[in-house]
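A, B, C, D, E, F, G, H, I and J label the chains in the order they appear, each numbered from 1.
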Amino acid sequence: MERTAAIKKICDAKFRLGLTWADIARSIDRSEVWTTAACLGQGTWEHDDIEKLAKITDLPTEELEILTTVPYRGRSESIPQDPTVYRLHEILLVYGDTIKELIHEKFGDGIMSAIDFTMDIDKKVDPAGDRVVITMNGKFLPYKKW
Amino acid sequence: MERTAAIKKICDAKFRLGLTWADIARSIDRSEVWTTAACLGQGTWEHDDIEKLAKITDLPTEELEILTTVPYRGRSESIPQDPTVYRLHEILLVYGDTIKELIHEKFGDGIMSAIDFTMDIDKKVDPAGDRVVITMNGKFLPYKKW
Amino acid sequence: MERTAAIKKICDAKFRLGLTWADIARSIDRSEVWTTAACLGQGTWEHDDIEKLAKITDLPTEELEILTTVPYRGRSESIPQDPTVYRLHEILLVYGDTIKELIHEKFGDGIMSAIDFTMDIDKKVDPAGDRVVITMNGKFLPYKKW
Amino acid sequence: MERTAAIKKICDAKFRLGLTWADIARSIDRSEVWTTAACLGQGTWEHDDIEKLAKITDLPTEELEILTTVPYRGRSESIPQDPTVYRLHEILLVYGDTIKELIHEKFGDGIMSAIDFTMDIDKKVDPAGDRVVITMNGKFLPYKKW
Amino acid sequence: MERTAAIKKICDAKFRLGLTWADIARSIDRSEVWTTAACLGQGTWEHDDIEKLAKITDLPTEELEILTTVPYRGRSESIPQDPTVYRLHEILLVYGDTIKELIHEKFGDGIMSAIDFTMDIDKKVDPAGDRVVITMNGKFLPYKKW
Amino acid sequence: MERTAAIKKICDAKFRLGLTWADIARSIDRSEVWTTAACLGQGTWEHDDIEKLAKITDLPTEELEILTTVPYRGRSESIPQDPTVYRLHEILLVYGDTIKELIHEKFGDGIMSAIDFTMDIDKKVDPAGDRVVITMNGKFLPYKKW
Amino acid sequence: MERTAAIKKICDAKFRLGLTWADIARSIDRSEVWTTAACLGQGTWEHDDIEKLAKITDLPTEELEILTTVPYRGRSESIPQDPTVYRLHEILLVYGDTIKELIHEKFGDGIMSAIDFTMDIDKKVDPAGDRVVITMNGKFLPYKKW
Amino acid sequence: MERTAAIKKICDAKFRLGLTWADIARSIDRSEVWTTAACLGQGTWEHDDIEKLAKITDLPTEELEILTTVPYRGRSESIPQDPTVYRLHEILLVYGDTIKELIHEKFGDGIMSAIDFTMDIDKKVDPAGDRVVITMNGKFLPYKKW
Amino acid sequence: MERTAAIKKICDAKFRLGLTWADIARSIDRSEVWTTAACLGQGTWEHDDIEKLAKITDLPTEELEILTTVPYRGRSESIPQDPTVYRLHEILLVYGDTIKELIHEKFGDGIMSAIDFTMDIDKKVDPAGDRVVITMNGKFLPYKKW
Amino acid sequence: MERTAAIKKICDAKFRLGLTWADIARSIDRSEVWTTAACLGQGTWEHDDIEKLAKITDLPTEELEILTTVPYRGRSESIPQDPTVYRLHEILLVYGDTIKELIHEKFGDGIMSAIDFTMDIDKKVDPAGDRVVITMNGKFLPYKKW
């Protein structure tokens, strides 16, 4: 059983059963973002969670087992074409240097970790048009001198 | 007076006078993120703010006036090399499709605007290592059918 | 049933039945541009329209159902080779900065939305050679300051 | 006198004198789009128009004379980073194949000329948010068989 | 029946039957260049010609019918590796600006159309080594001002 | 004296003195294409021709002497943006494989030389619109077996 | 029978039968370099040689017949990753301009043909480590003036 | 004194004094290829040779001294446009895999070193057209297992 | 039996049997790094080792035999997206020039061989967080002068 | 005083005074690798170290002061051409996936930090040819689940 096939099976099951990512996240008791990423092949699963995932998607455990190995992470295209994904790239083009400047001003020389990192995506209802709120939370790692 | 020259003058003044981006933001009564971005040439200034900026940076108003025109936004490199900026690109590579999926699940077909958009960068003190918190807040725009 | 397969089935049916995009657009009571784009996988369908589409293309509804999910938008190549499509890229190369200048002159700092957006393609008969008229109509979105 | 220098002088004069592209267009009795494009170096000027341009920009005719030669057209970057210009590229990514399909459906095999071509950019006031209307008008050129 | 499959069938038949492109061109009474290009998927066929093509290649008409639709033109690689094709790219690298200069000197600002365009490829016998003669003939299209 | 500077001086002189490429070609008794290419830095000059060139452009011989060395040939961009030059690239995209096929059919395995090569650019007056005629003439070189 | 399939069959047969390229070259009485290149799809075979090739590889002649047509030459990647092939690219990066300078110094303006060209690869035994000796031999082609 | 400036001075002196690379090579008693490469900035000079180079080029030693440091090797463009240099790239495209195959057949798994490497460029007079002979000689390095 | 298929079979067997790379390395008495690389298709196997590999992976010898031929080395993407692999690319971006400087300072002009090369990857337990220690060991090869 | 200018001054002083990187490292009591990287603009300096650096390089402190700000890290080219630097890229191409596999096998899902990271470069004398030993030491960071 290959990883790509496992991902496809989950997505097909989700569509067929009318599941949401939130449903799946609740079933394994993890955040929506981590769960979605992991279902799309960007995370490493625990054996226990695989069993819960198998149950809610009505798939055999052994077809999902491959997801307990560490994946090669990344998207198929480095600069996204899809408008929804592109907007995040555009934010990087416009505000990337600003984020760097302010991280250094507040923390010193270093980075925000993308590994010791969590993210939430929320909906803020607004009469002038609802708003997407993305909160990224990463550990600051200071550059080592030696 | 050219835009690039104006940006350079602001950065030189900031270094020479030991100013922080927060200092400059307070002086024009705007957020740190917008102020930093605008000082780096990614925003359009109001005439009034230019005068306040001239005052705190000790620069002649006319050398900054060009910043009231609309800029060509963007960075010099589309895929960043600098590790601090790269981590944001990596987040897009790993979680980009996840963000797309969850925006659609919560809002339907459309995008988070990068124009009707605000961002904050905060420091969350943590004994296990301080954390960078980036909050993006953009209006949801539904795809039009016609 | 996969999205790509659904698109191919529609195109095959269109060719086999001698349908035009205009025929299909009329059958679902939408514009030609939106209908064509959506049949080529660049739009999200309503369940009701899928049924009408199934009828005119003589295809089973369930083979088209996948089109009610939100697509990954974009073309396979970012810079087009096909001469008909390339001309639009060339217009961007020659007049792109001009469009930017005039949008800013007439509206201020901001963009023409490509999401809250409609387009029409018309034929204007002309004895000196018929003319293609493309009308793009997008909401102006002012850049937010905060 | 070099072409790039001439373009820069026009832009500087426009900024210094507070001119709009519309002002310049009126002074040479041409459309705003053509005038802006030509001032940005994307068109070939007539000697008569150079004199009018010199007058309104308060520049010596001989510094603008180089603009009567045919330019090398194009932008510095093929895929735009600036969000206002990018939206046009995105429209091509999402609707490019649709435009091709409908041109062929209405006209047969051929292209919309980008040479025998005019464009207008208008503002349509709308209480729900003003709209940018771009109208492209190009001669249809049928592909020759021989 | 897909376009790629149709092209492959023609090429296989040509090889199997020992046909030349000249044979095929004669059978449909068109030039060698147009015929070859159209057989390779770069042209739109008339129904009548498809029947003649079916006859000489000994293929069923319905397997070639797809060639009456307008193709997406272009090669799989923008910068050719094959030495025979590369030489044409090299001519563009070495003489491209020269061609532009001389078109403008002889015709004014505009282009040689690649649509209202014919080409011939001839063999000129020469004792010092035979010569390939490629003649391109395209309508001059003057750039429009408006 | 550098090569780029020499080219610029020739072009400036041509503009200032109102010369055509044809004038310069006649003065050195060479074809228009070779002369233009060589003035743009794509050819190696003879000492005698440099003197004639110096005379007609009214430039000191020693400022042009560098043109007797062999240049690094090529354009600054491999895929052209300028519409006049692009059309030649497009011809390669659409007809490149066709040219390859017909060269092989008429000559066997080999190439048309771009070194033992001449080119002419002519104007063919036509009431339906004048036509650009480009004639390329290159020695066929058969691929060696050993 | 496709060309790629034919190449694969030869390579499989070579591995299965324990043949060397030298064995195959001897069987068709050609050089090792030409033979290897042609077996890898970079050359055009004679009918007679195909029969000898069929014999030594124990393959049916008709499965190899496609190799008598002219191939599209080139590698799948323009800049090689494989270390053995990369060293040749590196030699070009380090010594490419030197080769150009010395060809011009010894021969004048022109090129070393890659078509009227032979190559040998030899082993020179050396107690300090054996050495690879690659000898390239190409006709000098002078650039034509006209 | 910068490296690029030193290279330019050598080239200017060579042109001004009418020197050949062979002259310079003789003056430092090294091969033509190494000498040319080193003058173009692709090699590290000994102090003694710098003095001889200074003498023959009539330049002050201290302006050349920088050439005793180790350079960053490489060309400005990875895929060459210049036809003379391109032919070497084409040889790699056509024969690269062949060279790999034959090195492995004759030596086993490993590479031809581009560091413990020499090259010669010779002219072989031939009534049918003189020939360029390039001989590359590199130590075979076997891949280590551990 | 193809190389890619052989690699896949080994990986599948490793997953199915719960083997580690260390287990496989021990079974053939080689280092973990070499063994892993060779199982992933980046090394050339000895016949004897293939038999041991067949045994531990419970696969038929003949399905692995292809691994005794020399591979085309490299990864599918030159700039890695996967965060674990990317960090090594980032180290090259940040410290690449430093490594070059220090190799030259300690050894003179030359390179660290990537062929006569070994590598180890170790775990250093550390209460502040375990550390990855990568040790690269390559023969210094001095640049040859001739 | 700009960063690039400061770096150049240090390198010029190092060359002029005959300093080694080791000399400079000792003078500020840091490792050779960190010191070299920081002198090349890839690190952030402390004020105290700047004074020591100024002393050993005989440069005014204020010309080096800019180095106390956080740099934009990276090299000018992502894929290196210089052979010494390229070998490190090649190691990534050949062994990148192997390193990933073994980090995961020994540590689980996560990365070796390139921020909490040190490196040493040593010379190991060996009669068969001295060896370069590069030791990388980075904290393992486990991927967070949430």
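One rule holds in what follows: a residue touches a chain if its C-beta (ideal position, glycine included) is under 8 Å from a C-beta of that chain, and two chains touch if they have at least 3 such contacts.
For clarity, every value in this text was computed on a predicted model and none was experimentally measured.
Visitor: Determine which of the two chain pairs, C-F or C-E, is joined by the larger number of C-beta pairs in contact.
Guide: C-E
Visitor: For G-J, find its twin among C-E, E-H or D-E: the pair where over half of the contact pairs carry the same residue numbers.
Guide: The chain pair with the recurring interface is E-H.
Visitor: Just curious, how far off is chain G from chain A if you go by their C-alpha centres, in Å?
Guide: Chain A and chain G have C-alpha centres separated by 48 Å.
Visitor: Measuring from the mean C-alpha position of chain C to the mean C-alpha position of chain D, what distance in angstrom results?
Guide: Their C-alpha centroids are separated by 24 Å.
Visitor: Where the CA atoms of chain C average out and where those of chain H average out, how many Å apart are those spots?
Guide: Whole-Å distance between the two chain centres: 55.
Visitor: When you check chain J against every other chain, which residues touch at least two of them?
Guide: Residues 33, 72-75, 78-79, 81-83, 85, 90, 93-94, 100, 104, 110-111, 113-117, 141 of chain J touch two or more partner chains.
Visitor: Provide the residue numbers of chain H that touch chain E in the complex, in ascending order.
Guide: Per the stated touch rule, the residues are 79, 81, 83, 86, 90, 93-94.
Visitor: Show which residues of chain D lie in contact with chain E when the two form their complex.
Guide: Of all residues in chain D, those touching chain E are 30-31, 33-34, 43-44, 70, 72, 100, 104, 108-111, 113, 115-118, 141-146.
Visitor: Where on chain J is chain H touching in the complex?
Guide: Residues in contact with chain H: 15, 81-83, 85.
Visitor: For a test of understanding, state which residues of chain A touch chain B in their complex under the given definition.
Guide: 20-22, 32-33, 36-37, 40, 42, 73-75, 78-80, 82-85, 87-107, 110-114, 116-117, 119, 121, 123-124, 126, 128-141
Visitor: Looking at the complex, which residues from chain F come into contact with chain H?
Guide: On the chain F side, the touching residues are 66, 69, 72-75, 78, 114-115.
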